[in-house]
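You will see subunit A twice below: alongside subunit B first, and alongside subunit C after that.
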Partner chain A sequence: MKKKALDYLLAFIIIISLNFLLPRLLPGDPLAAIYGEEALIAMTSELEAELIERFGLDKSLPEQFIIYLSSLLKADLGYSYYYETSVTKLILGALPWTLLLVGLGLVLSTLLGFILGLESGWNRGRWQDKGILTGLMLLNGFPDFFIGILLLLVFAVSLGIFPLSGALTPYTGLSGFALVRDILWHLSLPLAAVVLSEITASYLLTRTTVITILGEPFILTARAKGLKDTAIRYRHVGKNSLLPILTRTGIRVGRIFAGAIFIEIVFAYPGLGVLIFNSLMARDYPVLQGIFLLVAIGVLATNFIVDLLYKKIDPRVV
Partner chain B sequence: MLKINDLKVCYGNYRILKGIDLEIRQGEVLSIVGESGTGKTTLALTLLGLCQGKVEGKVTLEDENILTLSEDEKRTLRWNKISIVFQDVARALNPLMTAGEQIMEPMLENKLYSLEKAKARVLTLLKEVGLSQGCADLYPHQLSGGEKQRVLIAMALANNPEVIILDEPTSALDAITRVEILKLLKKIAAGRTVIVVTHDLSVAAKLSQKMAVLYSGRIVELGETKKLLQNPKHPYTRGLLRSFPNMTTTKDLQGIPGRQENVLEGCTFHPRCTQKISRCEQEVPELEQQADRKIACHRGGIVTLLETRDLVKKYNRVKALDKVSIELVEGETLAVVGQSGSGKTTLAKCLMGLEDSESGEIFFNGSKLVNRKKEFYKQVQMIFQTPQECISHRLNVLDAVIEPLNIQGIGSREERKEMAKKALQEVQLAVDDSFLKRYAHYLSGGEIQRVAIARALVINPKLIIADEPTSALDASVQAKIIRLLLDIQEKRGLTMLFITHDIALARKISDRVAVMLSGRIVEEGPTCEVFSSPQHPYTRDLLRAAPELSSHYSQETKTLQYCQVLKLQERSGY
Partner chain C sequence: MHVDYFNCVKKNNMGRMGLILLVIISTIAIFAPLLTFYHPAETSPNTLQFPSAKHPLGTNDIGQDILSRVLYGARTTLVVAFLVGITSTLLSAFLGGTAALFGGLYERIVMRIADVFLTLPSILVIILITSYVRPGLLMLVIVISAFSWQGGARVIRAQTLSLKNKAHIAAARTFGAGNLYILRKHILPDLGPLMVAGFVQHARRAVFMEAGLAFLGICDPTTVSWGIMLNRALEFAYLNVWYWLLPPGLALSLTVLSFTFLGYALEETVNPRLRVKENA
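And then the complex of A and B:
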């Protein structure tokens, strides 16, 4: 585990260094690389001088790095001239919604996929298996945003059960339980879209894992011991199947985040996805850079958590 | 009592078990041996109701047919009445559960004990199988192969079942651990009904009183383990024994020809059997009682090819053969050893009809030999001690080897030549024209002896009587020719009467040995037994005189006591 922690530290340092180095190594004006051409056009020469001063762009690279690090420590990710506010503030405003959407989406899709995969693999070749497999393969055929649009059209536009957009009903001043309900109500459709587009991956992985594990000699041992089906299914097959699924979860965070960007846009859900989209349109580089740093760290953190969980389940890992 | 009646299992269209009948009495240890893929594990799984194939027949435990039980009833049968130690030790335990949890699982599942009591029982069981209590909290990856095996054994004992099945209980273990586990198994087997499934004959020998030999889904031989191993009567059992490296038998390893096929008609072993008759391909032999065992073979097991009863031959007043009775079974080498003048060659000549015996009888293939016809010599060939005497000096090499083919009228002229060349090649001789045209009396001693061997082998006889066939050859050529003879024996069941005074050679090539002294057979038996515990003092002398490679002086100073006595007797005109 010590070695693992060191690995994570190393990865973290590399991410930060890249984030620092990449814009500065690009050919041309570093300020343009950091802020985008458009921001510079509208900029006065005093402001430009102030920025050069602030990033220490006239100093040597190591000195710039120290300046960069110290502003990171102060949670200062720069200033967005498009939104006219600090990047940190912008990101913090959007982050909770994305965390909610992606986090819950990850957990739910993994869990549901696992349950369905276990059911399917255990009943391999029987009607349960065939039914679930066909359904999910069909679902997998649609692009992520398409599922979102479909949900939106059916449940929000036609049936009107769920809101069309947003994460909250604005200006209601709700609090407590009512607020939670409102949030969940808004979350439902985007979350469903994320889960639906993500579930197949974890389902398929679970199913194949279960099928492989069912062929393991220790399952035969469990059968010979006269254990009941439920005991075999959960205690022996289920627990052992969890391992590869956990490993894959760490890898899937990045992908699921990318998928969530489109879904957020479809539902105008005010998370990082929408922020990325708008910043891209406006070429607001500081925001983009801040988000990428955050996402990279997020992926790293998830993997770390996955490793911790893995260690809890698998005694072979030390 | 566990009874298996006409048990058949097939996976799809592939028949694995083709009618097994077995009875295992309470407290008995039965081993089921056979090559990989003969269906041993399938049988074990069927007894637990875990076989995935289609099962027919009856398996009765306490008057209850296991095969017709409902799934729930089968579940209560498992581990409570029959438990198993699986073959694949390394992977038979769940990697995510501790040893203790896994041993405890079946006790709790059946609510036999409270959690407290179950935990206590785990510790008792661990102690019983020779593990420390700490092992209960270890995961499988923290245990060595031997320890895992012990945990599996403890687990099998958990619910105190009447029947325990051991599937290859030691195949994954190193030699030392193996011995320890065998000891443990022997201990726990006491008082229980145990079925040991294995291809390791030494495990069967150590653990079981009764042994069933399974081949391609049928039992071919069944009887007391000791008797089957000492004196296998089914060709397959003998093949298994010959291919099993061990410290008891001394003959070079020999395999079984061909490989296991899924035979649909007749004896399942017939494609590999060297003594099959036409009936073997059509009818399935029943497992029948034959003296001390049951055998499934149309010929009643390995047949006796040649037998002599009380053969007597006198030259003047010297008895060269004095009531000699030998038996030679199909595919076996009988070594006849003894010093020169003990009557070995006379025996060979009488068998071949080159000398007439005064009294006694010779049987070949079950019928008494009165006069030998051409047919006899097609099946029986002799390699003489002094080949110069039997190969006419007017023949060249090629003609000498072709001669037997001409006599028997086998093949066309071209074919005969090819057969002769092949035989010459097999005995490591040249086949270029200059050599083929050379006359026998120009050949060296070693060469002419090999020509004689080629001449005997060329018509592919069933029995070879070889009188010191390799004594004129240097060791490396001799080794190749011995290998050749043993290979032919393996492939076609060549039977050999091998006369030699080279004890070390006899030890490597023979299944049985007969020791001759002054025209009498003074000792006879399986080579390994005769050589490891010789009964007759003369045999002991022969063994002392046999070549060794160690440099201890004791070898040279060994006294050949009995021979000295013999010499004294000769000198005193006795």
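And then the complex of A and C:
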């Protein structure tokens, strides 16, 4: 566990150092790299002097690093000259939408993957298993954003059942139940895309675990006791295959975040993904750095918590 | 572990399908100029045209022939997949192999680096780095490979550790063979199956990554890439340009699938426990 904790600490240090070093060590004007190209358009000589002073760009690298760290500690991620607002504010505005998408996506894809995996593993080799397995393997070959594009083309563009983009209908002044309905209506296609692109991971994992567990003696005992199939399937096999799913959740959070970034772009869903996309276009580096830092720390923290939890749940793990 | 890959893959249904797909895509990539009348970068005043006899998949917003861009796009994808596959496989074999052989501080440092990188959300790190570097194809290969070797290195190290204590290696040592000689002559050949499986996995990931980064617009905009096509076409999605969105997406999915299937088949040859008994 100590070793794991050190891994996370080192990963964290790498993330901070990358964020600090990338704009400063690459060829070109560090000011442009730290503040983005938009800043150069707005740049006056006073502003330039102020920014150099603020980041200590005329000082040595170690001194700059200390300045960088102390501003991070104050939760100051910088200022976006493209959006003309502070990066922290921008991220906080986009974060809820991404969390909604990623959170629901994680829960639904895990749940569906688990159920399908359980049924598939239970019926190993029969047509149900082969059908589900082949279908999901095919699905797994589709890049997440292409799944999004397909859903967009069919359900939004052609059939017009769901909206093309956004997270809300603007300027309607909806509230209460109508607002929730509007949000869910906008959420459904991006969420479906996230779930479809993430379901295979938890499915394959559950299926493999179920097949292993079915060979264990306690299943034979359960059968000998005359328990019903459904009881064995869900209470004995299902419960015991939850463990590996939990351990993988940490890794999957990172993947789902990355997937959500691409899917948000397809549906212009106003979360972090769209923010990243626009910042890439505008070379608005402070925003990119801020999001990267936040998501990376979030993913590391989740992994760490899952590791801790796992030890609590499964005493066999040292 | 001496495996006849071709036969193993051929006998497996999924392997056969993957192989056939990959051969088709490679053929398209190689003979792209013979399959279309248009150069992929050639613009024309006929913009946003619906598929017709002249342009089987229509044209895009600056009048380029979509079919020829899809066909030529296979080149970019396969080149990146192949180069990343080779680079990361060799990196993981070298680092994992030497770590197991040399042991000591060197091993601890290499494996720690691998573990730390495995905890990082690599797609995000790659997006951040490439957003500064704005890579060409070669740089792209280097960046993706730098974040791909870690898992493979762990597998190779484990396998090398078990090979290290086998009798034939001990025999070679008594004849005075050095570490690197043993690595080259005795260990690398036995790592073959693992490396082939690793190559396919790395190549598959690279296809995803290249398309994803191109989709985000982080790469040379003049490259003919399926990811860039999807990115551009998406802006016109409201016009229902399915003939522009579907072909690059399907091409991409088929390429990924071919590597997935191959990987699945190879996994069974590498891991005999997964092999299904033939007369069962």
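The rule is short, and it goes like this: the second predicted complex is superposed on the first by the 239 of 318 C-alpha atoms of A that agree within 3 Å, B and C clash if a C-alpha of one lies under 4 Å from a C-alpha of the other, contacts with A are read in each partner's own complex, and residues count from 1 in each chain.
The criterion applied here is as follows: a contact is a pair of C-beta atoms (placed from the backbone, for glycine too) under 8 Å apart; a residue touches a chain by one contact, two chains touch by 3 or more.
Quick caveat: nothing in here was measured; it's all calculated off a predicted structure.
Trainee: By the touch definition at the top of the document, which applies to A:227: first (subunit B), second (subunit C), both, or neither?
Mentor: first
Trainee: In the overlay, answer first, second, both or neither for which of subunit B and subunit C A:159 touches.
Mentor: Neither partner.
Trainee: Can A:140 be said to touch subunit B (first), subunit C (second), both, or neither?
Mentor: A:140 sits against subunit C, while subunit B stays out of touch.
Trainee: A:315 in the overlay: touching subunit B, subunit C, both, or neither? Say first, second, both or neither.
Mentor: first
Trainee: Considering only touches as defined above, state whether A:216 meets subunit B (first), subunit C (second), both or neither.
Mentor: first
Trainee: Quick check on the superposed pair: does A:73 touch subunit B, subunit C, both, or neither? Answer first, second, both or neither.
Mentor: neither
Trainee: Per the overlay, which chain contacts more subunit A residues, subunit B or subunit C?
Mentor: C
Trainee: Classify the contacts of A:239 with the two partner chains as first (subunit B alone), second (subunit C alone), both, or neither.
Mentor: first
Trainee: Identify the partner contact of A:299: answer first if only subunit B is touched, second if only subunit C is, both if each is, neither if none is.
Mentor: second
Trainee: For the complex, which residues does subunit A have touching subunit B?
Mentor: Where subunit A meets subunit B, its residues are 216-218, 220-228, 231, 235-236, 239-240, 313-316.
Trainee: Which residues of subunit A touch subunit C once you look at their complex with the stated criterion?
Mentor: 7-8, 10-11, 14-15, 18-19, 22-23, 26, 33, 137-138, 140-143, 145-146, 149-150, 152-153, 157-158, 164, 254-255, 257-258, 262, 265-266, 276-277, 280-281, 283, 285, 288-289, 292, 295-296, 299-300, 303
Trainee: Quick check on the complex: what are the subunit C residues that touch subunit A?
Mentor: 112, 115-117, 119-121, 123-125, 127-129, 131-133, 208, 211-212, 215-218, 230, 234, 237-238, 240, 242, 245-246, 249, 252-254, 256-257, 260-261, 264
Trainee: Over in the complex, which subunit B residues touch subunit A? Could you list them?
Mentor: So the residues of subunit B in touch with subunit A come to 45, 48, 50, 75-80, 83-84, 86, 88, 91-98, 105-106, 109-110, 139, 141-142, 155.
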